[in-house]
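There are two complexes below, and they share subunit A, which is joined by subunit B in the first and by subunit C in the second.
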Partner chain A sequence: MNRRVNEIGLLIQAIVAMTRRPPPLRRIVREVFSCGNRSIVFVCVTMAFFGMILVYEGCMQALALIPDLSSAGPATIRSTIRVFGPLMAGLMVSFRVGAGIAAEAGTMVVTEQDGALLVSGSSPAEWLVAPRLVACIIAVPALTVVGCLAGILAGGALGVGWFGIHPSDFFSLSMVDRGDAAVCAAKSLLNGMAIPVFAAAAGLNTRGGSEGVGVAATSAVVRSCVAVAVIEFLVSTVARVAGA
Partner chain B sequence: MAASDAEAIAIDIQDVGRSFGSQRVLDRVSTRFMTGRATFVVGPSGCGKSLLMKMLVGLETPDSGRILVFGKHVATMNAAELNGLRRRVAFVPQHPALFDSLTVGANIALPLVFHRIQDEAAARSTAVRLLSLFNLADRADLLPGQINQSDRKIVSILRSMACGPECLVLDEPTTGLDSPSRDAVFSMIREIGMVDSGIETLIVVSHDMQSTMAIADRIVFLYKGVVRHDTSPAGFLTATATDPIAAQFLAGAADGPMNTEADEA
Partner chain C sequence: MGLTSNAATTVLETTGAMAVTSWTALTALVRGRAGRRQALRQIAIVSVDSLPVLVLISLLSGFVMVLESASYVESLGAFSLMGWAFGLVTLSQLGPVLVALMFAARAGARTTAELGAMAVTGQLDALRLLGIDPVGYLAAPRFLAMIVMLPLMTALCDAIAIGAGAVGAAVVVGLGPALFLQSIAQGGLMDEFLLGIARTFLFGGAIAAVSCTFGFRVRGGAAGAGRAVNDCVVVSALAVFVIDLIFTIAVL
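Now for the complex of A and B:
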């Protein structure tokens, strides 16, 4: 194929393909399981340590300035829901799933399956991207929620056990409002859209043989991570401007 | 394939050119593929054969010139028209390009479902029927990884035949196969004209000159992106008497003017 695949074009093609012929339910279920199952332990472990780091550093700084840790828990919960949960879950899924999607897409290009799909009346957007797009839109928000819970619980265990914060103080939702939940939902949904599209585009632009597939997989991870960071910044900024 | 009396132009290639950077891969290529004919496109590696075949179904586009398939300009077709074209002109890539997660039968059924010609159950029956034409019905439930290379190539060809195309384009169908497997695939290609496949035009890119001379109605010899000979097998044989490059290619000799020219380039 001689045309370079761009992310926006691929997303539009996948959405158009889905409206023409929705991906089979069994493929979506398989992809959700694949994406979620491959990432859940990774996301939970990473978020747990991240939550503990957040609480430890936050509490140490708070103790140095004001010897009051009553807001450590609510602040941790808010920042986890609003910022670190969607960011870290997005990055983890990019590492775990993005490279796999790019490698599959790259192999399709190298073995001419992309051409075979086109002459069979389908397209890589329909075959490869559409089911994964739906799967990631379901799995990434779910992983974000689970990751947030892991981070908050692990951070809470450290706060309560190490710093002696009362559990009812730490796990208070006094600083969390609907706006934080909406920001978290928006970021994780957009991450779920961006990761498969950026990864598949990197794979479909593979040139050369197996070396090209390796380059595409690396490029997919880098591009997906950058996309997650950009989404984080844009949604945070828009939410602040909108007062959320 | 038997030549028909009412021979018509299936594909008309007019002054087609294509470059990659400074490299001119196809240079003002003009030829015609007629219905009822088996045309073999031959030439050394890198002379633009595969690129030209991909252009026939809109997988690649020329920089200059035009390709008319059944009278319609491929480069100006929209997505729906290209889909229609790909039902009439089936293209089999160099690699079998089968989907490993699908059974052999499901792979063959795929274009029937994607083109909305049949539902999955009917498409599956068609796949088994096509497989049985070549005594491969027992492979229908196997995965591509469980069958041998030549069967994979044959399945790939059957998948492209599933929608009942009028024209079949095979890009180096015997690449990477050992001698018995090559024979099996070429024997299938011979049979395509005999079974009730509806295929009127066969275009094959090949390096195998022995099979080419045995099966082809016409030979297009591409060399350095230019059509050097466009003739019958007998005509090609005659041309080798005066053209040392064609003679070297036909003989498959390691040394000769093709190497000298390549070294000079």
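Now for the complex of A and C:
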């Protein structure tokens, strides 16, 4: 097993393996739990802080120009849904689960369990990646939605409580349209596909015994974060060209 | 109930351990006990290690900011404000926070993995046996490297993101780069830039405290080191957001 695993190849292998033999439901549920439920508090807390920072900074800067904060809420909501929500939630999920996936994959490589999988007619793509791929495609969009809500609610609490914005002014969807929701959905779905694949690929490329597992775990986090940023860029470009 | 009190104990214990590590490392630094060669080596490692990913992230986020603000700018016809708004968001919040997060994922995780490997293989005990305090000897140069390099790299990444924004604005809305840069330069954003950099000293210190503490506390072989790396990036990210909110409210 000295071939370098490449991310696109691994994704295709996992999808092929999935269509041939879908992963058992119990396994998917377990992975959704370990990716989704274990990250939800972390994602909500970080997004809440980010939402408050966004609103505070935005309101202070706006007050220096115009004493009117009525568009602070809608602008916060739109930018959270379109840009910051998918980006920050994607980064936070990478932080929370990336290292763990890579460590498990790396340990399998170091102890040559990946060879055992191949001999028994399975593959790391089928055993390791496919269930997590399904799980993350379910969990990451859900986490993104919950994270956006946490950010908007926390920011709104600050805006209403501190800056005295009327709740109906702040929590207004006047600037949000279907295009924004589509961009958010596309970004978070693609994040859910990319994070497990990039993390698992980093783990499967582990070299040099148990110390290599640590190296793989750190590079998994960085690689999946870069994948999230690239997806952010690509989807924003497509949305701009398509006029969404 | 048991779960809550367990969690509370863990949080308190970790905070305490981080405070002790920071205090020991910073006093060692102040007394000049950090070896100059060690510190220079850490500075080189930290910067070379994280620079590629930081540059990539700043380029991408610069383009994304332009792409996402393009429709606002076009609908309002506010082309002359585009550079100012971009500079404001990048310099005051997005630049420092994104750079710190990626720095934690790269340099922080690496530090934890490195110190964790030393803890697991008994090298910390070997240092203690020689009468050297491992916290002062190993953590102080890492604190210095992170506190010095994170602000410098944030400044560099701000510049790269603004460059990406200027190119992006030319491509996306056809705004001349000169006009874009002029709008930033004349926007009175020096305060935002300096405040953005000021908070990265705190971020750097926090990331160093978290990564060293989690590294030193690794138990249980390679699996424990993997868990510690995971905890390190998670706690660093929390620390960055908490510090950023407190700092923003304190100075604005």
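Throughout what follows, the second predicted complex is superposed on the first by the 244 of 244 C-alpha atoms of A that agree within 3 Å, B and C clash if a C-alpha of one lies under 4 Å from a C-alpha of the other, contacts with A are read in each partner's own complex, and residues count from 1 in each chain.
By definition in this document, a contact is a pair of C-beta atoms (placed from the backbone, for glycine too) under 8 Å apart; a residue touches a chain by one contact, two chains touch by 3 or more.
Because the structure is predicted, anything quoted here is derived from the model rather than measured.
Aligning the two structures on subunit A places subunit B and subunit C next to each other without any clash. Contacts of A:V45 after superposition on the shared chain: subunit C is touched, whereas subunit B is not.
Touch criterion met: A:E112 reaches subunit B, while subunit C stays clear of it. Between subunit B and subunit C, an angle of 100 degrees opens at the CA centre of subunit A in the superposed model, to the nearest 10. Once the two complexes are laid over each other on the shared chain, residue contacts for A:I53 go to subunit C alone; subunit B is not touched.
The partner that reaches more residues of subunit A, of the two candidates subunit B and subunit C, is C.
When the two structures are aligned on the shared chain, A:S120 is found in touch with subunit B, with no touch to subunit C.
Contacts of A:I12 after superposition on the shared chain: neither subunit B nor subunit C is touched. After overlaying the two complexes on the shared chain, residue contacts for A:A229 are found with subunit C alone; subunit B is out of touch.
After overlaying the two complexes on the shared chain, residue contacts for A:L25 are found with neither subunit B nor subunit C. Figure legend note: subunit B and subunit C, brought together by superposition on chain A, show a least Cα distance of 14 Å. On subunit A, the patch touched by subunit B and the patch touched by subunit C do not overlap at any residue. Note for the complex: subunit A touches subunit C at residues 42, 45-46, 49-50, 52-54, 56-57, 60-61, 79, 82-83, 87, 91-92, 94-96, 99-100, 103, 106-107, 210-211, 213-215, 217-218, 221-222, 225-226, 229-230, 232-233, 236-237, 239-240.
Those residues of subunit B that touch subunit A in the shared complex are 54, 57, 59-61, 83, 86-87, 90-91, 93-95, 97, 99, 110-111, 114-116, 156, 159-160, 163. Subunit C makes touch with subunit A in their complex at residues 53, 56-57, 60-61, 63-65, 67-68, 70-71, 88, 92-93, 97, 101-102, 105-106, 109-110, 113, 116-117, 172, 221-223, 225-227, 229-230, 233-234, 237-238, 241-242, 244-245, 248-249, 252. Listed in rising order, the residues of subunit A touching subunit B in the complex are 1-2, 111-113, 115-116, 118-122.
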